[in-house]
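One chain, chain A, appears in both complexes that follow, with chain B as partner in the first and chain C in the second.
The block that comes next holds the complex of A and B.
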């Protein structure tokens, strides 16, 4: 097949193919006339329009065009709501299309329950969200709005001020809820809502302080409070001996907890508390030595992953009788090479696999691990950038899909290593190759005629994008 | 009186659990107390399985001794063809497994039996036998009936029938195999998947993690939670591709179908078509995701719009206190 030089070439090739997915891939680079042809190809059959409206890869520009096409070509009594609903559900739908849906009289008169979809879509512009908060009465729609992470503090404030209580629970968990808003809701909230507010990153200090003073705080709230880094030293010490292990767990996770308290929590009766201590990045050597002997295997695992553990002690943990602890050592970025040497010969394949995936593992160990027969180990070898090219070339021909995929993921695999994978029997692999910088445009071009529609779409899209970038640079 | 024939499956000298599920399915198809459930077991050591197959619901165990210990499609096809001609069962149940796929369709076609695969409900509606199976990639349930068929052969999905409890003393008989020329040869048995790792296709309670876990170290929290909760930890493809969990734990189109799963808790999994291909049949799906529009909610029985780390912490609190 001849290589294409211009955008027009690519668009005309897509039109000639009469394939809706190739057409969608080049829509963005097409001129007005070409776009008309492409729209004709993509939208004239309702089946195709429905597929594109829902498809996760349909570009925003195509969804916009489809949305306008439906609104333009239907009268008030006859709007194709199935297509519009799919467009509203599609995460790629641009904010313009969503605004147009919301404002369209044609669509509204159908009394379709579409507000919830627009209200929960993350691309809906703030202005529309605000208008929904102010004027709409559909409770389900407003609930969706109260969960939409694109809503800002002002939208949420309008909502809870207009209709109190109903949305408090959602707003208390909303990352954009402001301190003022949280204070307002706290005053009228139940223990659940209050606990959520105490745990919120924007919780005002005055609420934390008043909760700290309250000797009769419900357990739910106390558990949240224990994690707050603004607690006074006294409160932290007091809560570290609370009868409830979850409260103590909160203290064990709290970055403000004094070192002395952490040391005593290393002996806590609850394994969950000790596990939390073992995973802290400010672990003291005294605590490490105590926790090394912990009978709970998870405590030792957390320790084995901890960057604070000195290399000598990692060597000891590498001898643990439990394979998961040895694996955790092998995954620790500070694991010494001598320990990796040892673990590369471990009886457990899952431990050897950890060595194979470890970024530090040297070339000579990768050569050794390449002789393994386990899929997880070989996938790790295929993934690792220290693996010699010769071995990667062999693994690229493996009968196991997972191993071949490891080679595709490997940033160090060369073009020569990857070329045979362009013929891979699994379409996912051909799909993944399209984004590989090691391959050139000629290689990707081969995939434009792939039997799989997703591969064709991605290949066309990739080339279209490259042409767009090139023309912007010219 | 009619006969229901079950074909027991064994591999590497052990009966596969699905054999007992087939017995339960066969028992459910008995229309009267006169009806009989026959269990056929084929292999060079087939008599060794009689004891284990002497369970409630079985009226007769038929031992067919073959020259090879492993599964061989030609031998199975010929043996069962002769057995069906002789015993004239109204229904024949085989596991929906790679073994059965090697001969079931040919057998049904040769004997002109009714045929349905991957059946998860088999029942009589009045006098009519109806099999229910998935259609359109499990998006719809399809009921299949078999008008005017005196014998119906079905392959039964693993995990669809609960084995009956209790032992029994069925009649044991032998059936001579016809002479057959096998066209295949077993060289070596290679266990697929993650070697020593557990088989997620047989797990009933699964907790599955997706990219929502963020970092590799966070995987540990969920391994810990799954262990405490008694769940098998599985994952979406990106997690297995990164080497954070073994490949054998991957659910989906390029991973495994969790056939026996009854409860699936998806944590931070978006619910791509490819992931759902391996789990959307599960009767109870619980999904936790911060994105209310995540596709996983379209198939979840219980959806929680929340941070998986909050839920993980709360579950840990609940389970540890």
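The block that comes next holds the complex of A and C.
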């Protein structure tokens, strides 16, 4: 296939291919006349229109055009609700199409079922969400709205003020719920709602302080309260000896917890609490020494990954009888080379694999690990930017998909190393190559004739995007 | 040496679809066609036998279906099958799996393979009958749900392991030629290479008419079938409850339900 240089050339090529996915890929760069031809190609068969309406990669501009096409070419009686439903479920659908659906008179009779879809779509514009909150009565639709993360504090306030109680629990967990709104809901909520509010990032300080002073707080709320960084030192100390391990776990995770409390929690009877301590970025040497001897493998594993652990102690953990702990040492960004040397010869392939993935592992060790026969180890070698190019070229021809994928991911792999992978039998690998900066436009152009429709789409789209950027710069 | 692999192009559905006006199937616009998943494994098993020896082994894929089935047959050719046969006549429309088996058996009689492989079932209709009925028409031994196959070319028998309930395997020696229905997971099916795909595009697909295999329109179709679809529908939704509330509340309710079921 001859290399193309202009947008018109690319669009014309896509039309000639008579492939709906190539057509969808170039729609954005097409002019009005070309768009008409592309729409004819993409939407004239219902089967194709249904496929594009559902496909997760269909560009927003194509979904917009399809939506307008359906609304324009149908009347109230025969509107194609199957296509419209798929458009409303598609995460790429733009806000304009969603607004048009909501306002359309054409399927007002069927609108009830669409409200929930419009109300839950993350691209629905705020004014439509606000209108749904203010005027709609369909409870399922309003529930969808109360869970939509695009709804802001104002929309949520309208909703819970107009219809109290029903949506309180969803709003209590909604990230956009304001402090005022949470306070309002807290006053009328049960323990579950209150617990969710106490755990909310916008929970007002007055509620935290009031809960802190409540000596009879339900356990659910106490568990949330324990994680709050605004708690007083006294409360943190008090809760660290609570009978409930989940409350103590919250204290172990709390960044405000005093160091002395953390030291005492290093001896906690609950492994979950000790694991939380072992994973803290502000771990003290006293806790490290205690946790080194912990019976729980996960505690030692978290410790082995922790950047606070001194190199000498990492060397000790590298001798652990459990492979998972040794693997965690190998994954630690501060792992000394001398330890990596040792772990590269570990009896467990899972440990050697971690060495192969470790960014610090030197070239000489990568050469050693390249002689391994285990797929996980070789995948790590293929991924590692210290692996010599000759080895990468050999691994690019491996029979194992995971190993070849490692080469594709490797930022150090050269164009020459990657070229054979353009012929890879696994379509996902060819798809991944499209965005690799090592490959040039000519290489990607080869994929425009790929047998897999997703690869063709991505290749056309990539070139279309490049042409769009180039024309904007001219 | 020849292995005949019976394959089917199956229809998959998305979550939303419409039922046809005659209520006997799904509206075609909503169907996505692809090669039956089980057939990928049976083709791979045939390819493994072909590639394990220097003796010439011909892998022939056969399917019963209209023009669109060529796409699935080309996929098999791209993966290394030597020949592809498609049997079709409009009269075949409406045939049940037993009639399809009869057609396949007639193709097998003509091709005279040493083994016939089929998938345990098709993902769209799930009768699990085609392979076994083909064996009956051929009067050959058969084994269903084959999870492991040890077969040497030219041997008068093969050793197979059949997958049973409870994770059990049944080891069986079977006389050959035989019809085996192959289970998922018996091997790791390959992806077709780009070269294979290009070569497959140029390979011919042998179109076989009913008369070529000694059958007539009267032998096939709904009229000659032992079963007929009366209607297809989505049953009324059963007892289901959406658990609502905060995350902690949902977890508590879930524990309550589990305890109720356990009688705790």
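Just so we're on the same page, the second predicted complex is superposed on the first by the 472 of 474 C-alpha atoms of A that agree within 3 Å, B and C clash if a C-alpha of one lies under 4 Å from a C-alpha of the other, contacts with A are read in each partner's own complex, and residues count from 1 in each chain.
Methods note: a contact is a pair of C-beta atoms (placed from the backbone, for glycine too) under 8 Å apart; a residue touches a chain by one contact, two chains touch by 3 or more.
Computed from a predicted structure; not experimentally measured.
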Q: Would you mind checking whether chain B and chain C clash or fit side by side on chain A after the superposition?
A: clash
Q) Which of the two partners, first being chain B and second being chain C, lies in contact with A:426: first, second, both, or neither? A) both
(Q) Let me test your reading of the model: by the given contact rule, A:173 touches which partner, first (chain B), second (chain C), both or neither? (A) both
(Q) In the overlaid three-chain picture, which partner chain does A:183 touch, first (chain B) or second (chain C), both, or neither? (A) neither
Q: Classify the contacts of A:19 with the two partner chains as first (chain B alone), second (chain C alone), both, or neither.
A: neither
**Q.** Partner with the higher number of touched chain A residues, chain C or chain B
**A.** B
Q: Answer with first, second, both or neither: which of chain B and chain C does A:296 touch in the superposed model?
A: neither
**Q.** First (chain B), second (chain C), both or neither touched by A:28
**A.** neither
Q.
If I apply the document's touch criterion, which positions on chain A are contacted by chain B in one structure and by chain C in the other?
A. 173, 426
Q: Write out the stretch or stretches of chain A touching chain C in their complex.
A: 46-47, 50-51, 54, 82, 85-86, 169, 172-173, 192-193, 195-196, 220, 423-427, 450-451
Q. For chain C, which residues are in contact with chain A within the complex?
A. 14, 16, 18, 28-30, 32, 190-197, 244-249, 252
Q: Over in the complex, which chain B residues touch chain A? Could you list them?
A: 193-197, 216-217, 220, 223-224, 240-243, 246-248, 254, 272, 290, 292-293, 305-306, 316-317, 320-321
Q.
Help me check something: in the complex, which residues belonging to chain A touch chain B?
A. 56, 89, 91, 120-122, 144, 147-149, 173, 223, 244-246, 249, 270-272, 275, 279, 298, 301-302, 305, 324, 328, 331, 348-350, 353-354, 356-357, 374-376, 379-380, 383, 401-402, 405-406, 409, 426, 428
